[in-house]
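In the two complexes below, chain A is the common chain; its partner is chain B in one and chain C in the other.
Let's turn to the complex of A and B:
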């Protein structure tokens, strides 16, 4: 070739490709170490000592969880055990979960484990989204625990004839075909009572994960009914 | 296989892989239709083949037919590129049957058993319940064995034969492709950690290693179909590798906005994934540039007058699909991906039909197109055809499939828009908000249109299958 230059030299581009790929991969691996540390699951001790973790320990099910605006971060964050007024967790206010607010770390971990296994064994993500990932045939479950529909003024406790949110959820999971709210209804997946309790623990735990403000304005829209 | 013109065992194996890929492609569309019908008529097959199962089969058939077609494509081009028969082809053929048998078993289990109790046994033998890679753990190990054999074939052949730029890129790419699968083979109670690594498989396959694979296949196609200059094509290929991996690897950050991972992924994900369309533009420009250049050179050398210009394209239907790939990749992966890749927008579009619209057009534009093109190249080679012409069926097939997928994409985009406005922005993403969005007239009409367009896509597939199967007997092609 008469006009040989670096710009049409295959070796130059091959080396560039190698360097670029190597650099991007190393950066990704480095960020993975940092992220892994930040998203590792917390412990009961963390909760007792008031340490905010992006993914709290399983005993977070003993606490009241809300989803409120953080003044500092400019979006909603999970608030555990009460709000200090600025959107920081106080880790004080407890909330009974199936009648107890003193589930030990071991018990809570076992429930969460069963729930996470169940979420996979029943293919939840092939209709629902979890953390926004999955299928779009059914509602997102990221903050399902905080959904007003399951709260004291919501319809689900009345339909299932259960006195608490967690019992209503567990009942629904075992017999979804009996409590259908829409033509598109959840099928019976053979979920046992024990599995249902695990799944509810999994959902409550998931609602405490810091998702950087996703979803936005969850359950806060009181005025907007029927999209009007 | 009476009039089989293939002397290479590697190419024979390639036709096996591509044939099974085409069958799975059909299965993918069928289960997609079932899922689409369920959006319109929720009672359809309720309790028998629920949406979750139809969707599992829809998306897993998609991934597996593409993997089959990718393996087939590599077995097809290896003898051409390296100049030798693929080493260890007997082992390659053996694992092909293991792969097929494993898939049949997995599909039957999905269809007949569907779900299991919340236990490790379910994860090992029924379903792993993780989108796109639901196949149970035992099958994961089967896939690893198959992938290692395939990578072994590729490496042994590449190292002994002529190691062209295309083969070098494929070697590096395919080992990464196989290795990344390992990131999806573990269980954790921590859903954030689960999703973090799940994306290593899904994103780094689809938005990095698969894209590089497409670059390599496109390079091979340009050389074989229009006689493009290898040095130029391979230079482009290296530039594409740099751009694809440079943007795609850290572009993974756009999946780490909302899964519990730190905020810095907003900036990293936004920046690098916004760059992801660039190599796709480059690939499109490159295909057109090479086509124009070789056609121009042909015209100059032949001194033909405008009315009798001879086309340089040796396989019209395959080239049609390759050009469609160049544009579809840019439109589906690039434009539809960029729509919702910035965190400010993704906060509202994440987990809506927007993603589904992008998924349909991107998988089709970036991968289905070029792999169908490879099927046409294999049919050409198998039947000893010198110049393969378009037929009525090939033109109708490509038009109906492309029109159908484009129609589904537009319908799903409109459905996604309703979800973003009603369910997310207006009503705040609750259970009630979700169903309010789903019940809106714009949403339900969009779902009707998606089903209609899905049927058109499927009919196009039937024509495609007919065209591929009857090529051997069709006298229109130059032999």
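Let's turn to the complex of A and C:
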């Protein structure tokens, strides 16, 4: 009988396939648990104790959020409540959100929940992208809160005639057809005032999530990073 | 070749994602090396059967 090659041997391929499939299964189960831990939302205590979470607690809407280049990580990171000079959040500087900077965890959570449900009911993802899911017909909303167009030097507060970012956003969401900002105009989706406030809270919270620098092109927008 | 770990939270999967070589070396270690080991085991078995 001629020499039998290992490459034609059933057992070699069966053992290799068993090893790779088994190992990959274990790795994927591990990855699932690892991801669950990373994307679980922080709490108000985390923010008060200065614990950096990838997804901060709902009361992050009481804090000032900026987007700053981290030399260590090589991309922009959301900085909550002031920068310690090394790109880490200080969790100190507050910012009024609809006139208050003392929203309780329960109130903030309810607003975010309403905003999340609203974003699903009005199907924002039909045109926009949220955290990598959705379309690119309209601007990416992942870091929309940090978009300088809504800031004090941007155009949106002026054309909506509102003194703050959150009020300008809420006004725009209720009457988008009045403010032509883009050739692709946003339609009036019948968003109520309460829903608009929830949606703005949802957007502010989303901008505080550490997305490892996603979307990558956001940092190229003038004024988006470190106010430059 | 190897860069400082920079992800926000230390994690094994974050380490895998730090650069192209970390993932490549890891996958070669867990797939190719065991296959080489299995290859020589099976070769020895076939030779013994003869």
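As a working rule, the second predicted complex is superposed on the first by the 194 of 228 C-alpha atoms of A that agree within 3 Å, B and C clash if a C-alpha of one lies under 4 Å from a C-alpha of the other, contacts with A are read in each partner's own complex, and residues count from 1 in each chain.
As a working rule, contacts are C-beta pairs under 8 Å (C-beta built on N, C-alpha and C of every residue); 3 or more make two chains touch, one makes a residue touch a chain.
What you are looking at is a predicted structure, and each value in this text was computed from that prediction instead of being measured.
A.B. asks: Answer with first, second, both or neither: which of chain B and chain C does A:82 touch in the superposed model?
C.D. replies: In the superposition, A:82 contacts neither chain B nor chain C.
A.B. asks: Look at A:6 in the shared chain and tell me whether it touches chain B only, chain C only, both, or neither; answer first, second, both or neither.
C.D. replies: Second partner only.
A.B. asks: Quick one: classify A:151 as touching chain B (first), chain C (second), both or neither.
C.D. replies: Neither chain B nor chain C is touched by A:151.
A.B. asks: Does the superposition put A:215 against chain B (first), chain C (second), both, or neither?
C.D. replies: After superposing on A, A:215 lies in contact with chain B but is clear of chain C.
A.B. asks: When both complexes are superposed, which of chain B and chain C contacts more residues belonging to chain A?
C.D. replies: B
A.B. asks: In the superposed arrangement, does A:74 touch chain B (first), chain C (second), both or neither?
C.D. replies: After superposing on A, A:74 lies in contact with chain C but is clear of chain B.
A.B. asks: May I ask you to decide whether A:176 touches chain B, chain C, both, or neither, giving the answer as first, second, both or neither?
C.D. replies: neither
A.B. asks: Taking the superposition as given, does A:52 touch the first partner, chain B, the second, chain C, both, or neither?
C.D. replies: second
A.B. asks: For A:38, decide between first (touching chain B), second (touching chain C), both and neither.
C.D. replies: both
A.B. asks: Do any residues of chain A touch both chain B and chain C, and if so, which are they?
C.D. replies: In chain A, residues 9, 16, 20, 31, 34-35, 38, 54, 210, 212 are touched by chain B and also by chain C.
A.B. asks: Touching residues of chain A toward chain C in the complex: what are they?
C.D. replies: 1, 3-4, 6, 9, 11-12, 15-16, 19-20, 23, 30-31, 34-35, 38, 52, 54, 72-74, 77, 210, 212
A.B. asks: Which stretch or stretches of chain A touch chain B in the complex?
C.D. replies: 8-10, 13-14, 16-17, 20-21, 24-25, 27-28, 31-32, 34-36, 38-41, 54-55, 58, 109, 112-127, 129-140, 142-144, 147-150, 177, 181-185, 187-190, 192, 195, 198, 202, 206, 209-221, 224, 226-227
A.B. asks: Please name which positions on chain B make contact with chain A in the complex.
C.D. replies: Against chain A, chain B makes touches at 35, 38-39, 42-43, 46-47, 50-53, 55-56, 114-120, 122-123, 126-131, 134, 165, 168, 187-196, 198, 231, 234-235, 238-239, 241-242, 245-246, 249-250, 252, 255-266, 268, 347-348, 350-353, 355-356, 419, 422, 424-440.
A.B. asks: In their shared complex, at which residues does chain C touch chain A?
C.D. replies: 4, 6-9, 11-13, 30-31, 34-35, 38-39, 42-43, 45-46, 50
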